[in-house]
Amino acid sequence: MESQISINENNPTDGTQNDLIRFVDVTKIFKSGHVRNYALDKVNLSIKEGESLSIVGESGSGKSTLGLVAVNLLRINSGKILFQGKDISRLRGASLRSFRRNTQMVFQDPYSSLNPYNTIYQSVIAPVNANRQYYENLTGEKADSRSHLRDRVAEMLDLVGLTPGQNFLDLYPKKLSGGQRQRVALARSLILRPRLIVADEPTSMLDVSISAQVLNLLTKLKKDFKFSVMYISHELGTSKYISDKMAVMNLGRVVEYGSSDEITENPMHPYTDILIKSMLEVGGFRTEEPLAKIDFGQYNGGIVGCTFAHSCPFVTDQCLKERPQLERKENDHWVACFHPLGR
Amino acid sequence: MSDNILLIRNLETDYSLGNGGYVKAIRSLSLDVRRGESLALVGESGSGKSTLALSIMRLIEKPNKIAEGEIIFLDKDRDISVLKLGEIGLRLFRWKKVAMIFQSAMNILNPVMRVENQFIDTFEAHNIQDDYNQRINKYLTIAGLGKKVRRLYPHELSGGMKQRVSIALALSCEPELLIADEPTTALDVVVQREILFELRQLKNSLNLSIIFITHDLSVASAVADRIGIFYAGRIVEIGKKNDVINRPAHPYAKLLLGSIVTLSTPRGKELSSLEGTPPDLSKEIKGCSFYERCPSHVKQCLTYDLQPLKVGEDHYVECLRAQELLDSEY
Amino acid sequence: MIGNYNPENTNIQASELPPVKENLLVQIWHNRKARTGIMIIGFFAIFGIIGQIHTPYPASFDNFPTWLPPSAKHWFGTDYDGHDVFSQFMYGTGVSLYVGAAVALIAVSLGTMAGLVSGYYGGIVDNALMRFVDILLILPTFPLLVILSTYFKPTVTSTIIVIGILSWPFMARVIRSQILTVKQRPFVQASILAGMPGYQIMLKEIFKFTLPLIIINAVYIFVGAIVAQAGLAFFGLGDLASINWGTMLYYAQSQDAVIYYAWWWIVPPGLSIAILGIAANFFGNGITEVFGERAGEV
Amino acid sequence: MITRRYLIVRSSYALATAMIAITLNFLLPRLIPGNPAAVILFANYHYLPPGKVKLLDSEFGLTTNNLGIEYLDYLKQLFLHFNLGVSFSYYPATVANLIETHLPWTLYLLGVSTLVSSVLGVITGRWIGWRAGSRGESVTSSIFIGLTSLPYFWLAIIFILVFAFMIPIFPLSGSFSITIIPGPTLAFLGSVITHSLLPIITIVITTFPAFALTMRNTMVNQNKEDYLLMAKAKGLPKNVIEKRYAARNAILPVTTHIVLAFGYIVSGAFFVEVVFSYQGIGYLLYKAVTSYDYPLVDGIFLMITITVIIANFVADLLYAILDPRVELR
């Protein structure tokens, strides 16, 4: 335990056994030609059992990459991902597949997250078919009769608001609207009762009223199934609405972490501040004051100092030379900045 | 009303279903756009708001058609009946009188032409005589871009830059009316704010009239003087920004407002849920199109002949019970 | 896409719909273009099969008067040797179609396999395979066929094998790129997360998307092979003892049919090839439409 | 825009392909069992003059049994002396010589017909593409599909039948009239042109519809592009939209198609040459094939392959110039 704490002195976690998933110095590099792009640059974060954490940031911040490495759809270059205390970042074969029962993902585009050639039943039952034994142990029922499984899938569809579920089983996705497809995707991701759901911008392609339904549903399911959520979005409003905790990312780094309320009300990182001030309210702009222009330019990784230094109104020499570490500034409020706001 | 710039009367635009049938994307819609105002039209996908923009520009193409109605552009000295324009008249009307900013900035620029050439062909088409270079520079600067952009190809620009180029393009022939169709939807929040800010500023400095089309009420309220709510091919509520946002009268507008999540939405608050699906626009709709999904419907709604009812100063609602609902709530 | 009507709006409530499972074959048959293609190809197939069992006169019987124009007795007249051209055409149709079908079988198997392997494994295997395909695609096929046929004495079977081996690269590339596109879609990631092993994802989820390509390519290769075989035969590089559309045209040319104005000998095989080409086009377009409808992607 | 990297990658592909063709050419004669020269001679003369076998062996480069040394020698002969060996049927003419005398005819035939079909294809394709959906367009497209499916040699025979026999307005065969002495005279030039017209028309008719259909399809897809809608919204005149937007963008895929089809046109030209007894490479190949003149067949194959590879390479460069987005495909 002692050694682990020392590695993670910059990790926003209390170090107890409550951590469901913990990212330790996670780095992911994409290479194109000679260019090395740090999609994730030593990310340290954790999500507790039953907790929901939002990852917010603009496009290119690495937030989607973090989601993909969390469920092991992408391999990391260095660091560790501890799931219930075990490093899952280098699993292969059967042990990888058995880990995957614990995590599921809901994708952004409802139109391509379901196979158009498969019926709704086929899509939702796929995880059960691939994990028959596990499913039987989980539910304590024999999963060998098709009619039994069809009933189970129909029940699950009922739970996600596709009622009556029986009527949807044999439909192809093309008959469903975007909102309905997203519900099917939720049903599929929940059928094995995973511990963690990664939702990558699940509402950004939906209409406002449909998006509200999905958010309501997610809130309800979270209560019923008691899973943890990693909610990835560029939209701070829904992020704050869904999650207790929030992490702000910028060019592959976590620059601020804390409770959603704390961050949105008292942002400490200048970047978070600009993000929040840029958000709109019903009624108009949050502020009329002019904001600093953000220009990240061509980022090729390997930035020595702070990723935000070039756009930051408070930049000093130190910011250009030294990487600010994520540090606890207040109870449960962490920021990676040499000159945090409000102090 | 002499301060109007555009009048739309009983417009109906139909999309062909390919089998002889039509979907009425716009259903007998009437609307006045005032000179110098910015009017935001808010609706969800399929509500017909983009179709209205394309109809005003006469960009509805076969087999789809504008089946009925009138669109009149009130020029300084004469009225232009847009739907009656011939080929040349239409060509000169577009961009010179009404210009448009499209939603998908990614693809609206010709990928094999340099940015400056896409300005120049527009100038040539509209017989603009002054120095092209100066003019291009002027509008690129207005849109917040440097001169370097002129020599670039579209694929060398970022999403935000492309949208700025398209703003510069839209303004470059000095139109009197600007239609902006979801101009910031694909952009990050910081850039979105910058562009909305700029558009609002431009409206004031150039005395533009703007029709702003969006699905996002918060975007609409950032730039609009008036807001119109679209549902099933009609404007169901229209009024001053603050009236529509603070005292929405149509049940749909109310639900839409209740389903928005912003930073000030408390966590765990049940969001308004809009059950069911919009009506099938290929069939005839009797009475109010929101009837089936409306929590406050009564029998009479089915025979209602769709008249905008005045519920306040400059605030009109297409709902039989609007006044009654307003009185009971506020 | 701006200005397209969004069908989201007209979605019917699921409860109103009976659970339908569309049968692919029925759907193809209901497509006008696909049906036209199938009927034309089917007509030739039946005609050719009958020709193997029965022709008005034995195809190799050559004791009729020579250069007879078409008549009730000889529908397509007779040739320089006194063969009945209609009987030869009928018999030759079977042989030509057999060559086309056999080549299609070889090329489709090779192309599909190479495409699947390349798309699925990626990396070095993919790289090596695709560079090889690139090179085969640049090499001019017909001269290559000619040189191979010159060195290896041609029989119908060797012609089939040679054409078959040279016909798969394009298809492999098309299938590979389709697999690569489909692999990007989130539902594949969802299948991985569902715990499905790789080969299952390949076969159960991704393979379906290559089906229309396989069908369409098979038909094009089929017609292409008939043309190639006819071309080789015309160059004197076929099995000249075999009766097929190609050798018919070869003899027509080498025996100066044009001097005798014997159009009845020349027209049927060439025109048949052209009609098959049109049929393949109809069929291909029809199949594209059907699969587009099924996936709701049109 | 042609970057250096693009140039290097493309040219290395071209070189690799050429090397493979050369190696194939080297290996094939050595794959047939027995002494090739003997086999070849026997096929031609049905007896074996011993001196001649030896002579041919050395001229063919088949002297040692070490494949590696033979290969190096082969490459040396090819690259340094353009030595492709000696023809058997035209003995003692060398293969290189024969190709030299026949090549100009084929290049002329191919050049003119490729140019005419691509221009005609682009123009007609643009025309039907802009009118997609109309009755005239669908009839034209159907006819074009039919035309692309016609085998070259068949159409050539039909043309001879119709235009040289039934209505004798074109000469029957050959590259020029045998009554005229070749030379830089108008009479000779006229004869060359009239003799080439029917072959060229045959190639063009079977080739241009495919280009037209590609052009049509890409034009139709252009119509769905947002920048075309934008061009209309900007109030550009119709002809400007068609020319600078739709056609300009549609021409990119057509360029690729024309190049991909080049190998196909080459073989088409061969058939046509055979039918018209036109003194080009195709006719030469036909003669070589029918008289089992292996060195000649090999030499021609190599020459064609290299030509096609060069055409591909040039097209790659052309494409990169036409499309500013291409950096590395």
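Going in written order, the chains are labelled A, B, C and D, and every chain counts its residues from 1.
Following the convention adopted for this analysis, a residue touches a chain if its C-beta (ideal position, glycine included) is under 8 Å from a C-beta of that chain, and two chains touch if they have at least 3 such contacts.
Since we're looking at a predicted model, the values are computed, not measured.
> Point out which chain occupies the most central position, where each centre is the mean of Cα atoms.
C
> Pick out whichever of the two, C-D or B-D, is joined by more C-beta pairs in contact.
C-D
> Whole-Å distance, chain A centre to chain D centre, using C-alpha means?
The separation of the two C-alpha centroids amounts to 57 Å.
> Distance between chain C and chain D based on Cα centroids, please, to the nearest Å.
Comparing mean C-alpha positions, chain D is 24 Å from chain C.
> What whole-number Å value describes the gap between the mean CA coordinates of chain A and chain C?
Here the centre of chain C sits 48 Å away from the centre of chain A.
> Pull out every residue in chain C that's touching 2 or more other chains.
Answer for chain C, listing residues that touch two or more other chains: 1-3, 8, 11-12.
> Going by the contact rule already set, what residues in chain D reach two or more other chains?
Each of 226, 229 in chain D touches at least two other chains.
> Going by the touch rule set out above, which residues of chain B reach two or more other chains?
Chain B, residues with two or more chain partners: 45, 59, 102, 104, 277.
> Which residues of chain D touch chain B once you look at their complex with the stated criterion?
133, 225-227, 229-238, 240, 244-245, 248-249, 252, 322-325
> Residues of chain C touching chain D in their complex?
Chain C residues touching chain D: 1-3, 131, 134-135, 137-144, 146-148, 150-151, 223, 227, 230-231, 234-237, 249, 252-253, 257-259, 261, 263, 266-267, 269-270, 273-278, 280-281.
> Quick check on the complex: what are the chain A residues that touch chain B?
So the residues of chain A in touch with chain B come to 58-59, 177, 207-213, 215-216, 219, 234-238, 240-242, 260-261, 264, 274-286, 291, 293-294.
> Please name which positions on chain D make contact with chain C in the complex.
For chain D paired with chain C, touching residues are 13-14, 16-17, 20-21, 28-29, 31-32, 142, 145-146, 148-151, 153-155, 157-158, 160-161, 164-166, 224, 226, 229, 260, 263-264, 266-267, 270-271, 274-275, 285-286, 289-290, 292, 294, 297-298, 300-301, 304-305, 308-309, 312.
> Provide the residue numbers of chain A that touch chain C in the complex, in ascending order.
Per the touch definition, chain A meets chain C at residues 71, 73, 97-98, 100-101, 103-105, 107-109, 112-119, 123, 126-127, 129-131, 162, 164, 167-178, 180, 185, 188-189.
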